[in-house]
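Note that chain A is present in both complexes that follow, paired respectively with chain B and with chain C.
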Partner chain A sequence: MSTLHTVNKSPFETNVLEICISLAKSGSTVLLYEDGVYAATEGTRAAVAIKNANGISFCVLGPDLQARGIEGKLANDIKVVDYDGFVDLVAGHDTIQAWL
Partner chain B sequence: MKFGIQINEGPYQHQAADSAYQFAKAALANGHEIFRVFFYHDGVNNATRLAVPPQDDRNVGQLWSDLAKEHNLDLVVCIAAAQRRGLLDEDEAKRQGKDANNIAEGFRISGLGQLIEAGIESDRLVVFGA
Partner chain C sequence: MATKKFMYLNRKAPYGTVYALESLEVVLIGAAFEQDVSLAFIGDGVYQLVKGQKTDGIGMKNFSPTFAALGDYEVNKIYVEKESLEERGLTLEDLQHLVWEDEDDDYAEKDSIRLVNRSELADVLDDQDIVLSF
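This part shows the complex of A and B:
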């Protein structure tokens, strides 16, 4: 059973992303959106946590990256999706866990 | 696929109401069905028809009303959350002895059972919130 974890908080605001990564099972996906997209930028502690998370895929919502002007600072290994991609991720996983 | 959507945040509070709307629009455009949108906690504030945002800004509540009309969506507002925040429909206003109601077109007030049903009937329940 695959789970999509959605994280909408900045890693500079809360540590939910780190908790999410520590609990997410191999084969699950984490979608970063809203202020959660800041975790997708290079040179942050969150980017290191993402890089070290084995077996978990990471996606980031492109429109939220662009709204914050940080699309040029994207760390490697994070796939950019639009809202259609968000919908596909929801449909493609068995359960959705929102880390609010 | 059938989606249920839960919104826990009011309009203009942060971004959840906008994210949920964009998600719902994309889901419908991709041929999915939305079983129900459930407005919970501060999310009930999306359902007021008395909001008058500046003309050059989006009207989040109106966007939901329009989308509901276009796609025959079921927009349900949690009654307990609504009563606490002063959101009333005609029946509730009468029942509580209030002189007006403020619910927007396309929304209806009901109970938590509607959220449970959305969780059971939908293939996926997606939660947006603060």
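This part shows the complex of A and C:
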């Protein structure tokens, strides 16, 4: 069973990304969107947590990065997707868990 | 009418909630009443000032250019907390360069943003008559 986890809150505002990473199984994917994209930026504690999360793939929604002016700060190993890519991720996983 | 010191304290990132936009609207309305207005950006609020925001892809209004107009409304005390920038891997270089023109100094262009540490900001807040938090 592969799961797509979606996170849309700033890692500085809630600890939901931390909880998501701790409960996500190897082979699952985490998509960061809306204020969740701040976790994908270099120099943050969240980026370190992402780097240390072995076996989990991380994606980030490009339009949300661009809106916030931070696409130049993207950490390594995080894949940027557009809205079509979001749909492909949903279609490509067995289940979706939307963390709020 | 006596002048009061108004502080607008901004703690939220720009597009995930409506707080940032609402704060800016209130600041612009308040500026018309010739009060002594300051803004402070702490926590995720510092993200509001990041330059190069392009919102076409998310279908929302990019309100960040409005910050550049604040100088014309004599809103020129914009405090940014150093610790909040550092936690987010940001520096002043990542923020918009906000300026105002000093009438009393031959309209010299001066910086509006003041980088302060947490304890300096505590003193600034302590000096206000009214603090509105967004």
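Just a few scattered comments:
The working rule: the second predicted complex is superposed on the first by the 100 of 100 C-alpha atoms of A that agree within 3 Å, B and C clash if a C-alpha of one lies under 4 Å from a C-alpha of the other, contacts with A are read in each partner's own complex, and residues count from 1 in each chain.
Here is the rule we use: a residue touches a chain if its C-beta (ideal position, glycine included) is under 8 Å from a C-beta of that chain, and two chains touch if they have at least 3 such contacts.
Here the structure is a predicted model, which is why all the values come from computation and not from measurement.
In the superposed model, A:41 makes contact with chain C only, not with chain B.
Judged by the touch definition given at the top, the superposed model places A:68 against chain C, while chain B stays out of reach. Touched residues of chain A were counted for both chain B and chain C, and C has more of them.
Shared-chain residue A:57: touches no atom of chain B or chain C.
When the two structures are aligned on the shared chain, A:96 is found in touch with chain B, with no touch to chain C.
In the superposition on chain A, contact is made by A:8 with both chain B and chain C. Touching of chain A by both chain B and chain C, each in its own complex, is seen for residues 8, 34-35, 63-64, 82.
By the touch criterion stated above, chain C contacts chain A in their complex at residues 13-17, 43-44, 47, 50-58, 60, 62, 64, 87-90, 94. On the side of chain A, the complex with chain B involves touching residues 6, 8, 33-35, 63-64, 82-84, 86-88, 90-91, 95-96, 98, 100.
Across the interface of their complex, chain A is touched by residues 1, 3, 8, 14-16, 19, 22-23, 25-27, 29-30, 32, 123-130 of chain B. Taken together, the chain A residues at the contact with chain C in this complex read 8-10, 12-13, 34-35, 38, 41-45, 47, 62-64, 66-70, 72-73, 82.
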